[in-house]
Structure formats: structure tokens, C-alpha cells
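Each in C-alpha cells, the structures are laid out below.
Presented sequentially are two complexes of chain A, the first with chain B as partner and the second with chain C.
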Partner chain A sequence: MLASKPDRFIINGKRLDGRTFDQLRPIKIEANVLKRADGSCFLEMGKNKVVAAVYGPREVHPRHLQDPSKAIIRYRYNMAPFSVEERKRPGPDRRSIEISKVSKEAFESVIMKELFPRSAIDIFVEVLQADAGSRTACLNAASVALVDAGVPMRGMITSVAVAKVDGVLVLDPMKEEDNFGEADLPFAFLIRNGRIESIVLLQMDGCITRDELKQALRLAKKGAMEIYKLQREAILRKYILEEIDEPSGDENA
Partner chain B sequence: MRKVVLPGDLLSTNPKVAGYGTYIEDGKVYAKILGLFDQTETHIKVIPLKGRYIPTVGDVVVGIVREVAANGWLVDIHSPYQAFLPITENPEVKPNKKPNEILEIGDAIIAKVLNIDPKMKVTLSMKDRMCRAIRFGRIVAINPARVPRVIGKKGSMIKLLKGELDIQIVVGQNGLIWINGDRRKVSIAEEVIYLIEEEAHTEGLTDRVAEFIERRKSDVGEQTG
Partner chain C sequence: MPEDILVDIKRDYVLSKLKDEERIDGRAFDEFRKIEIELGVIKKAEGSALVKLGNTQVVVGIKMQVGEPFPDVPDKGVIITNAELVPLASPIFEPGPPDENAIELARVVDRGIRHSEAVDLSELCIEEGSKVWLVFIDIHALDDDGNLLDASGLAAIAALLDAKVPAEKFGLGEDYKLPVNNLPIPVTSLVIDDKFLIDPSRDEMSVGNRTLTITSDKDDNIVAMQKSGGYLLDEELLEEIVEASIKNARKIRQMLRNI
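Take a look at the complex of A and B:
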């Protein structure tokens, strides 16, 4: 059932799902979920569910794509046919090709590709269930998966969207706000040592004023810092556990 | 206990101490990989927890021949880069022998990394006491980040394995380990290596490994005796 446009997006200062303007949807992140991948991550951001897998650096196939001076990065954003209400035709379409391209460019600025000439780093992100902002969820998941794979990077990428509904800016829009809102702006930041260093991705759909853009950026930065903490925790949880784990005794059956 | 650091974490403001797994920008040292932070007075580094094997000159590696050419062999060394072993670097080469009569596709070898050019073209050599073609025994593959733990401090873990089990072991820096000896003992060694990989970077690992070997040896002894 496709949702219809609600009369008002904001009732008594609260959004349709009861959040305030600057509140994120609940996020769950788990690192290292796939055994055969070098690094992986499962992430839930509200109703979005995505899995990211990283392979490499590895040999480039087909050979002619390889670059003798640096590693190439391949990013594939893909939506499962069952991820949306109406079945999506499987395979890449115009939207997913564009998202893959801009996301790849975001990662190219943080991964130290010069260290691995003639190799490829492959990032695959599958959207299992889509709500709004699946590209931001995918970027967050891919970033955790890259760290988990031990790929050298200048910092971590954290991504969040801001939307404008009923003339107000809201953080991390859900489906109704994204579909029927006035504007949607996904941001991605490079965060190093707990500080936002640069913007690595910025898209816009709809129109907003210059002042609103500045305000949106502030809102997004605040949201990104919260997500950054969760990303860190997800990785540390996996590896600190390993540190203090007691030997499990007899397991030779 | 050493702290786990993530890429981008600030480690020091003194660029002189920067070591492995770090990078310098604007005079500050940051971590570039996920790993354990290791600090001494003159040096800081990040011990990797994950990642592929990147060859370094002088490394001993275990590889598998993937292609035979007129002038040498292409060898898979479990890394993003295939290595090349020229015929001039294989002491078994005789003027009347063709390359495929010495090493065939699928053969395993122990070799040393001789040279790496800026394009990461890796050249191997077998002109070393350790190097040889592997015709028997078993090869175990582990995460290359765990190799230092299998070797142990100054080779302590390897010494323990060799002494307790009376087997031959060669640990390739690329995470491939060759074991040879009595079949039952090799099986124990294999289990031990997986145990080390699983529990690397925990306290008192060597003691636990010694205990594990004792227990497995007595298990095997009961079955046969």
C-alpha cells in the first residue's frame, strides 16, 4: 500500500512518527557479519535495513581497468526486489547507478588508494528494506565495513539527510517526509578524531534558501556526530570482545 | 591491555615517532587502519587486526604456481599481487630442463621476496636455505595479520610447536603455513594454529597453547594405546 500525502507533517511540534525536528531514527549497527568478506556490516536506520561487504585490495578483473599508480574503488548500491512496497525490477537502474557513482567518489577521498597500485577495493551494499535515506544508510554501513576490512583510510564517513517539510527543516526524514516534502538533502562527512573535517557528498532534491542550507548543514553535523559514535561503538564492540574473551576450553568434537 | 584504534584517531602530535599503520598530516600523527595502539617512548605504531597481505622485501612466503612461462613462474602468494619467480632465481634449474619440468601449475613453493618495484611487481627468489618446492606435508591458511602471533616473541610459539610435536613448520608472512611430520601430530598443529588465529592478542596465549597441545597429545595417545 502506497502511503498518501498527510495533511500536515508536524503536529504539536512533533513529527509523524513522534520525533522532534533534530532527532534521528533508531540505529542498529553490527560489524563483521559475513564470514567470506574481508569486512562487512549490517545496519538498520529506522526501517532501512542494509548489508555492506568489502573485498580487497585484490586483483583487478577485467585487467584493463587497473591503474598502475593507485587502487581503483568500485561501489555497488543495489536494491533488492523486495525492498520496496511495489516489486522493484532487479538489477541496476538509473537511480542506483547514480547513487553508486557519488558514493564511490565520497569514498575515493578517504581511502588511501595510492598504497595499493594495480589493485581494486570492492564495496557492495545491498538494500534489503528501504525507507527514506537508504543511500545515507548504505554509506554508513560501507564505512564500518571498510574499517572492519582493515583498509587504510584518513578517517571515517558518516552520512545523514535533512529534509524540508511544511517549511521546517527536519533531520533524517522518514518515508512520508521524503516523498511529499519540499526538499531532501543527503550529506556525507569525513570525520577524523571526532571532528568533522569535510563534506564528501552533498545532493539536493527540491529547493531551499541559502540560510536554510546553512541551517541544514548544522542540523546534519549534529546528527552525523551521533551516528559516528554508534559506528565506532559497533567496531569496538566486535574487537574489544575479542580482546578479553576467555578461551572456550574443549571444542574439539 | 592495548587500546583498539580506528582510522583517523589522533595518536600523537610528534611526527618523529610515527610508525606502521599511521599517517602524518599537518604535523599530527593519525591512525590509518583498525588495530591495536602500541606505544614506546620513541615509536608508535598500530598493530593491524585485519587486512590482506602486502609483500615486503625479504619476507618468506608460501606460494602456489599459477602459470608457467618460458622465463619463470607466476606464483599466487595470497596477496592482491601475483609474484614472479624467474628461472635464474631457482637453483633447481639446469640447462637441459624446461621450466615445467621443475615446477608445474599447482605446485607449492617456499620462496623469499627479492624485489618489489613501484608498480608492485613482486619478484621472488628461491636462492636461500629455507626455500624449496613443497612435495609433501600440509598447508594451512590463516589471516596474515595473525602471523606474528603464530611465530611468537622471538619465535617462541614456533619453538614450542616444533619441540612439543616434533614436526617441521615454515610460516609464510602471507598467512600460509606449511607443516610436515607425523600425520596425527600435523593435525594437532593445524588445530593449534587455528586456535592461535582465533585467540590472537589475548594474554597468556603461549601457556594456553602448551596446555592445549598436552591435552590433545594425551587424547591421541589414548586412542592408539
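Take a look at the complex of A and C:
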């Protein structure tokens, strides 16, 4: 937590963990890992370990929250007390509440909620081990869990962040780059038919120019397409066993 | 449910006007409502500002105390931003602890101020590691006629400009002006399909909460962004909104410099 700022983030074109600027951390995704939930997913992204569960469409409690024209979406991002260096007090803090809000809104634009009036679709994501970019890891896991639950969606949500360190934009920042970087931009996209259609989540803090924003967007889209492939594979692996016999090579990727 | 019916009627009105490339109050798409800034409205506060954006009104007060720094930055002061959407400001606000909207509002305002380094926090160190100034930015909504965020962000930076460090009160020498080095200005747009309306009014917001806030600083850098609301945002539209937001922020910054 209190690690000091490294002198340089990029040495000989390599980042502190040996990645190039446009390289993702290793990602592992497994769908359908929880028995009780309607849909679930376990996902590792670098040192992040998150598990997502989807319940619903189901009855809304409390009932006054129900909407006669569509399902309501609820999203809870929660960090386990042991997920970070210094114990986090259990329960929602201001950061978690904000992340839950924008993540919920990302799914609201993608889930076909008008098919399920008066019901709720609950998405719960627990961060078991946190590294940088836990909100993006959670969105990726939640997206797979929704597919696993059979919730109809307009497409897939795939999320990745871009950071600026030493004046250079880097994909999928790790802890040091996130903590001491000059900017952090989490993105999430709607991907339909293998194509990025629109932005469903966009936040940013730090300091960037307009051109850097365009570059960051390009970099994020590249990363998102790679993650999307892994999300797809994870679902196919669970449901179409004959097509992918062995987890194809990405196990230790 | 008279409110619900009204919202439907207003939404239809906003959308039908939009088809004719018009806004319901006759503004241009990238035009703010009338902005009024009044400094020093609260004498008990170290700094304060009342901002009116059309009928939207927000007051921000700055209070300062001596406290402990964060262990990882022992030589810097601390900024704490909080927003209260009190029930007096809107029929839909309820008493109680801040909800997700109040928290989001405060955090987006905070990010703009923090990342533009508007307040020179190293000037707010009294004794390294043990004593620094804590700067509390408290946002108090008075009347929500749409776009509380921009009104709050503007009132916050105006109040910081107005603020004096109360050194005398704490036996730390003479009072001095709070060092403010940058003027981050948030600009919020309501996104409706392939169009966007800057500084949406409450009536325009009946279309739904689908906004994008771009905060830019004195060098036209982007220092904070927040997409809020469940909608799909097109990439090209994002670029247009960024341009229009920076342009508006420049004008508002100039206004702030002239008071």
C-alpha cells in the first residue's frame, strides 16, 4: 500500500512487470463456478481475483422498487476486508458506491430489461484479491456471469483501463502505474457481433490532452477485443464441450 | 402520480423540439444558462460561493482545520469533498446519509480539483508527518433545476478562490490566502442519441439521466470525466462533447477570473 514511487515506469520499452505498453496482464476466466447462483464467473486479471454472481430475473424486494415496464438492475461491487494490503472495513464505502452505480448503468444499457417487467436482476461481485483495475475485472466477470445466467443482452460488456505513466499511455495498469500514474481511464464497451459498438462506461481522473484521450480510446479498444475473446472462450468451454476439448493454451497465458 | 404524467409530457416536448433542432428554452445546444457567482456569502466559512445556473442554486462553504496528513503523503494538506442533496432542494431528495447520486457528485467535483492540482497541497503542510491543513469542501444544494454538478463544481472552485487559511485562529501566525493554482471547470452534457445538450435543465433531464461530464483545466487538459446513466455513448460523439466542453469551460473560467 505504502510502496514508494518508482523512479521510472518504463525501462527499455518494458514496464515494471515486463509488459509492453499495449499488453494485458494474464487473464483467466471460468464461467459457472457457483451452484446456488443463476449465473456466475470467476476471473483473474493480473493479481485481481473476483467472483461474480447473477440472481434473477426474480421478484423485487422491497416491492415498491419494482418497475411495471421493465426489470430493475442492481449491481453490488464489494471488496473483501482481506483483499487489500491494509484491512478494508467491511461494507460499502464511497468508492464502492460510486463504482456500483456506474457499473450498474453500464449493464442497464445492454440488458434487455423490458423483457422482464416487475422483476429484478441482481449482480453481485466480490473482490477477493485486489490489484489495480478491480472495477474492470468485475465488469468482465459480471458480463460472463450474465451470459451464464441466460439473461438476454444486446451484446457483451468488456472493460479495461488505460493509464498514463511517464507521459506514456499504457494498457491495463498494474498497482504502481495506477497509484503513481498521471491519469487513469477505465472504459467499458458494448461488443456485438465481434465489433465494438459503443462506450457504456467512461471515467477518468488525472490529466490528459484531447489527443491522448483519442489514443487511450484506441488502446482500450484493442485490449477489450482481446478480453472479449477470452470471455467468449470461457462461455464456449462451459457450454460447447465438443468444440473446445482442452482449455486452449490460455491457462498459463 | 401527477409528477409521472408531467415527466412524460415534458419528455415528449423536449424530443419533439429536438427534431426541429431546438431546445425548449430556446438556447443553442452548446449554450449554458445564465451563470451568477457570488463570493463570500457565508462569513463563518473560510471561503464560500453561491452559484446560480439559471434556477439551479448551490452554495459551497470551505472550512479548514488542523489535522494529521495521510501517512503516504506526510508533507501535504488534505482535501475532503462532501455533497448534501438536502430535501429542501427538490421534491425527490430525501433526508438521510448521502445516496449514490450525492456521492457521485462529490467525487466527480473532487477529482477535478484534485487532479488539476487546483490547491497547492504542499503549501498546506504545517509540520511534516504530524500537522497539516484539512480543507473541507462542503457542497450544499439549494435548488435543483438541473445540472447540479456543474453548479457545484463551479461553486467549489469559486469558494476555494475566496478562501483564507485561518492560521490566526489556530495560533499559527497570520491568515493567508489559500493557494489556488488552477481552475478546473466541469461541463455536463445530456446525451440524446446522436445529439448533446450542454447544461441540461431539469425539464430536459426528463429524457432520462444520461449525462457526460468533462472537467478541463486552464491549459485545456482533461482532468476528470464521468459518464453517468445507462446509455450507449458513441465514440465520435464523445470527441464532439469534449471539444464543446473545453470551449465552454474556457468562457466560464474567464468569468471566474473577472469577479
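Heads up, the rule we're going with is that the second predicted complex is superposed on the first by the 240 of 253 C-alpha atoms of A that agree within 3 Å, B and C clash if a C-alpha of one lies under 4 Å from a C-alpha of the other, contacts with A are read in each partner's own complex, and residues count from 1 in each chain.
As a convention for this text, a residue touches a chain if its C-beta (ideal position, glycine included) is under 8 Å from a C-beta of that chain, and two chains touch if they have at least 3 such contacts.
No experiment lies behind these values; they were computed from the predicted model shown.
Once the two complexes are laid over each other on the shared chain, residue contacts for A:Gln23 go to neither chain B nor chain C.
Using the contact criterion defined above for the overlaid structures, shared-chain residue A:Gln215 touches neither chain B nor chain C, since it reaches no partner.
In the superposition on chain A, A:Gln203 makes contact with chain C only, not with chain B.
Using the contact criterion defined above for the overlaid structures, shared-chain residue A:Leu236 touches chain B, although it does not reach chain C. Applying the stated contact rule after C-alpha superposition, one finds that A:Gln66 touches neither chain B nor chain C. Residue contacts after overlaying the shared chain place A:Gln129 against neither chain B nor chain C. Within the superposed three-chain model, A:Phe116 lies in touch with chain B and out of touch with chain C [touch as defined at top]. Within chain A, not a single residue is touched by chain B in the first complex and by chain C in the second. The part of chain B that touches chain A in the complex is made up of residues 1, 4, 6-10, 21, 23, 25, 30, 32-35, 48-52, 54, 80-82, 118-120, 145, 191, 199, 201-202, 208, 216, 219. If you check the complex, the residues on chain A that touch chain B are 38-39, 56-59, 68, 112, 115-119, 147-156, 191-193, 232, 235-236, 239-240, 242-245, 247, 252.
Put simply, chain C touches chain A in their complex at residues 71-72, 100-101, 103-104, 106-107, 111, 114-116, 212, 217, 220-235, 238-239, 242-243, 246. Interface residues of chain A facing chain C in the complex, by the touch rule stated above, are 1-2, 73, 94-95, 97-98, 100-102, 104-109, 183, 185, 190, 197-210, 213-214, 217.
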